[in-house]
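There are two complexes below, and they share chain A, which is joined by chain B in the first and by chain C in the second.
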Partner chain A sequence: MPTTATPLRTPVRARSGTPTPRRRVRSGRGAAGTSRSERLAPYLLVAPAVLIIGVFRLYPLALGVNFSFTGDGERNGQAVGLDNYTVLFDDPLFIASMRNVGLLVLLLPVAVAIPGLLATFIYLRVPGHRVYRSVYFFPAVLSPVIIGAIFNLLLAFDGPANALLGAVGLGPVDWLGDPDVAMYAVVGVHIWATFGMALVVFLAGFATLDASLIDAARVDGASLPKVVRHVIVPGLSRTIQFVVVTTMIGMLTSMFGLLYVMTGGGPEGSTYLPEYYIWFQQGQMGRPALASAASTVLFGVMLVVGLAQIAVLRRAGRED
Partner chain B sequence: MSPLRAGRWLAAIPMAALAIATVYPLVFTANVAMKTRHEYVLDRFAPAEGLRWEAFATAWSSADMGRYLANSLIVVTGAVALLLLFGSMAGFALSQLRFRGSRLLFLACLSALFIPFQVIMVPLARIMGQTGLIDTHPGLVLAYTAQFLPFTVFLMTSYYSGIPPEIIDAARIDGNSVYGVYGRIMLPLGRPALLSVGILNALFCWNDVLIALLLMPSAEHRTLMVGVTSLRGQYSADIPTFAGGVLIAAVPVLVLYLCFQRQITAGVTAGATKG
Partner chain C sequence: MKRRALWSTALIAPLALYGCGSAAGPDSGGGGGDTLVVWDWKSGDATAESYIGQAKADFAEKHPDVEVEFVAQPFDQYYNLLGTAIQSGEGPDVMLFNGGGQLRDRTDALLPLEDYLAEDMERLAGWEAFTADGHVYAAPVTLQGHPIYYNKALYEAAGLDPEAPADTWDAFVADCERLTEATGADCFALGNKEGIGIQFFLSGIGPGVLTPAEYDAWIAGERDWTAPGVQRIFELWVEAEQSGLNNDGVNSTAMFNDEFAIFDAGEAAHVIGLMSDVGHWKDFGEFLGAENVGVMPAPLVNPEAAPSLPYDGGIGYGVAEWTEDPELAADLVRSLSSTKALEAFYADAGAIAADTTIDASGAGPATAAIVAELPTGKPALHVALSAETLELMGRLSQQLLSGSVTVEDALSQLAESDQAG
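Up next, the complex of A and B:
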């Protein structure tokens, strides 16, 4: 079994390959004896991490779900049942943000295929492969805010992107000002900025691949598409699943900086995503309860993505 | 030439083009920052007439970037220190010590990996407000620590579970307490993982804008990335200065990447290949 897997498996198990976790340093053995402080030591060691995660991550999750069933403004703190959710699904802005989530799902195969294909070529030692790896990864370390600011210049109506189009005789495009184009422009920039991340994950997956299989296929004279389809894709199924889920989560949760800098949700609300909607309702409109309802919906979407992943993994596990 | 060889050469052309497309935006921005406003209006693409550092100096002094930079440094240093300390402590205990409830605690830490910040930001802002931590450096340090701790605990647990237990047994027989084993054995042995996780966490905290925007609202507490978002409005008529400000904010990250590229990619792929 390849070592690639998702964080869902516990490391102890995957490493030792046996169902019983390997735990040592038993209290009661060794020179230090079984003093009370020794027995408490493991708890004291995990306490800071568990407390911080509990108080600032798990507790707010429960609080937020609770919060989404209370009112805003004059009805602050009162139970309002599902009112926030009714308002939410009547709000064209929220509907637009959910429609954009659908668009992201449709674009997901592109966002996975591009780094996958590039990683394949790098693995097959395309001339210059060493350079490409570092060059492609570097936008991934830049903040979305910086990327967004740079692309504000590049995609300006009188900027380089349109100058390039003009040079080949195509009319200028209002990249960030046209409601039909803006979302594609922002997603395109997001993919440009993050494909290096998926690329290095793919390359790590390739490192676990049995090279002799590819050599054998090459000796048999298999064409490149055939090698990809019959040797590489099956061998990397776990890596591909990991990239699919992390890319989807990335698109749902790390585009705020780009949206904030490039479009501010506009034009005409066409570039809203749930995360931007939550921030807008909480920070700008003073409607935290409504924002909490949107958060709960977003969490539901993420859960579906996660559960779908587990289901796919289980099926793949059976095929192994 | 075999079909695969031919394919490789064919692929090299679009790949080189993509590499240029990856670097060009930054080169363009650097070139713009070197221009005068007049030069920029006349021709966006022509190389700047010389190395002019004025835009950087203007952005640095008039946009208060020094203060933003200091805020970022304080918060990132604090958060990374806490993350490494708490992450390695928990990772050691969860991977090498036997105690009741360890599995449950590990799963609790892990489950937080699947809670994005957007889902908890409203209640978190409220908690921070009630405890007086909002708009303070310790508050943002805690928020970053909480945000990246699940990932850090996961990676440290996975790294430490690869260390042979015989090493720890030997140290115990030599008379070390559990804390002694942590301080004298686990911390030094964990150095490669700590370096990788530390750099990655520094990048995450440094690059964040949403958490800082939410929890550090006042202008004097802005982090550098929040500061960058306000440059556009401030210098809408002075694009070279805008470009200079953006590059000032990008340079520390680029330097970090050039120095620690291997550790960064190792950290990114660890989540996929380990565990």
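Up next, the complex of A and C:
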């Protein structure tokens, strides 16, 4: 922070000091009038942006937080203190949804490694890499509803996935009906559906990689794993960080469609995520205040995750 | 430093508003002057066209200068949209409801209609599902119930008498063994992905377990979740799965419409279905032939039980509390449940209409069996439960099937939820 603050402060000091001769020449009226309009100008210029953020972002946010301290149903409109939060943290469904957020964070490396590895193979020109490049991106253009419907059929108990398992002599897996499996199945489908976008980002990162470094490493006799570990990964550190951040945001905010179509939060409530829980309490159960409380908790979680990511990015930026 | 202060202010500002206002919005009026807006999920269906037409004509006769606008909402989003409308206090004047929990949870937003509908009380059946705390909040359009359907062709193939299905649970299980042996079909088609399977099971099998006194007490709200009968129903739910009566993958099979598709395809001999809309005699008849679809009473588990057809008002139109002219809106509700309109609905949409004066004898043996049972029928067991308890029951039913909760534990959780609600 201190390093960036110094250049900013210099012009401010010049303005607040004695008026420079140049300014006096340009202004026909008194110095006082000029300085007032000049002082107001920046506020006027940022006003639209501030208003939009204030009216459409911060005010609704404040309202939502406020509503989380009011009651539902018969207690509609009454201040109930922390009751909603007590209910929330007593609700096994909400606890399950928060646990699933933790699971998503744990699965994040997998979600980043898959497009990273595949992009590496394409970059190293494995046979057919041109075909793979477009094939990998294809699922990214499908809507979650369509993908969910397709995988509902594929992963049905008597569907093709289990038929395949049966053919190789393995017992059937109840992909979407077993609470220990369902969340992994949905996350797997989500990764399959979205890794194309991360792959493109990785390929763009590879384009900036210095090919002569890899050639030099090869000449020195480095094996492929060593090239990946010591040349490619360090060279792509910025890209990897970007993909980590966008993938995390994608997993936390855009799984709703898949969940809705594939499991509906079940089986046994094992695939609830906070946003699904919020939707469920607000619309299905008619408890908007409880949903507001859940939203507030989700906001807090996202704030922590977001700030942590910004901190990581900033530190990495300084290293460059 | 200044920036940090600004941010803290922005984050703390909400606390200044701590607990004022309400999440559900103020109770304010809405709706137009000479236009009545109706929300439902039916009017968009081609099969409901003649019904809506008849109802509109009937209403136009009484109020030629009032316009009626039907807004068909997608059903899977319906209660979400309605919930939002109710919170804003601005929405339709007249709205369609499923009987039971969905309606009872929203009576705050509805107008008591018993004074307006007094003349229809005799003609229509199924009022209980639209009644809460002694007030009637909607007029029934269709009846919804949970008959046990069976496939007569499979019975014949297995050498069983299709006209005399088993009347005790033990005989029923024995029949199922023969059916599976002879035809490869499962005993029950069951899909519990949405957690609704248990509701149908409770209402379909329950009448063969509970004594009439226990049954009536349950409906009246005196529910003893620790009673041996109630426990037996949930044990049967687990036993049926463990002894292989159900199709595979129950928890990942959707009731709508994979469960019914299994029955349609002749891959299961029985299904606890519906009476109206979907998963009913008309659908099954189209695939299996109307003559091959039978309806049987719940097999007796407890010899003291007296099985009756479990049914309630299925769907019905209610009036929003914020409507400008309640009498006008109530008149529209009456038109929507007039005999002519309901006759059209029964004939085209394949619903058992709430009007007891309609003759339904010509639509095959299953329909005849259902209609014959109507006079002695009772409200379904699960309809008496709140939406919250039903949701919990859905989750617990999946846990029961996977063995991660015991029947005793599930029942104590349900009892707690039921008493809280």
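Everything that follows uses one rule, which is that the second predicted complex is superposed on the first by the 261 of 320 C-alpha atoms of A that agree within 3 Å, B and C clash if a C-alpha of one lies under 4 Å from a C-alpha of the other, contacts with A are read in each partner's own complex, and residues count from 1 in each chain.
Rule of thumb we're sticking to: a contact is a pair of C-beta atoms (placed from the backbone, for glycine too) under 8 Å apart; a residue touches a chain by one contact, two chains touch by 3 or more.
Keep in mind it's a predicted model, so treat the numbers as computed, not measured.
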item	value
Partner chain(s) touched by A:Leu61 [first = chain B, second = chain C, both, neither]	both
Which of chain B and chain C A:Ile150 touches, first, second, both or neither	first
Chain B versus chain C as contact partner of A:Val228, first or second or both or neither	neither
Contacts of A:Leu45 with chain B and chain C, given as first, second, both or neither	first
Chain B versus chain C as contact partner of A:Asp72, first or second or both or neither	second
First, second, both or neither for A:Gly286, with chain B first and chain C second	second
First (chain B), second (chain C), both or neither touched by A:Trp175	second
Broader residue contact with chain A after superposition on the shared chain, chain B or chain C	B
Partner chain in contact with A:Gly266 - chain B first, chain C second, else both or neither	second
Residues of chain A that lie at the interface with chain B and also at the interface with chain C	58, 61, 63, 67, 279, 282-283, 288, 291-292
Touching residues on chain A, where the partner in the complex is chain B	3-12, 14-16, 21-27, 29-32, 37-38, 41-43, 45-46, 48-50, 52-61, 63-64, 67, 118, 121, 124-128, 131-132, 134-146, 149-154, 159-160, 163, 192, 196-197, 200-201, 203-205, 208, 218, 221, 223-224, 227, 239, 242-243, 246, 249, 252-253, 256-257, 260-261, 274-275, 278-279, 282-283, 288, 291-292, 295-296, 298-299, 302-303, 306
Residue ranges of chain B touching chain A (in the complex, touch as defined)	2-4, 7-9, 11-12, 15-16, 18-19, 21-23, 25-26, 28-29, 32, 44-45, 85-87, 89-90, 92-99, 102-103, 105-127, 142-143, 145-147, 149-150, 153-154, 157-158, 161-162, 165, 168-169, 172-179, 181-182, 203, 206-210, 213-214, 225, 228-229, 231-232, 239, 242-243, 246, 249-250, 253-254, 256-257, 261, 264-265, 268-269, 271-275
Chain A residues within the chain C interface of the complex	58, 61-63, 65-73, 76-81, 93, 155-158, 172, 174-179, 263-264, 266-269, 279, 282-286, 288-289, 291-292
Interfacial residue positions of chain C with respect to chain A in the complex	10, 13-15, 17-24, 26, 79-81, 83-84, 86-87, 105-106, 108, 193-195, 248-253, 258, 387-388, 391, 394-395, 398-399, 402, 404
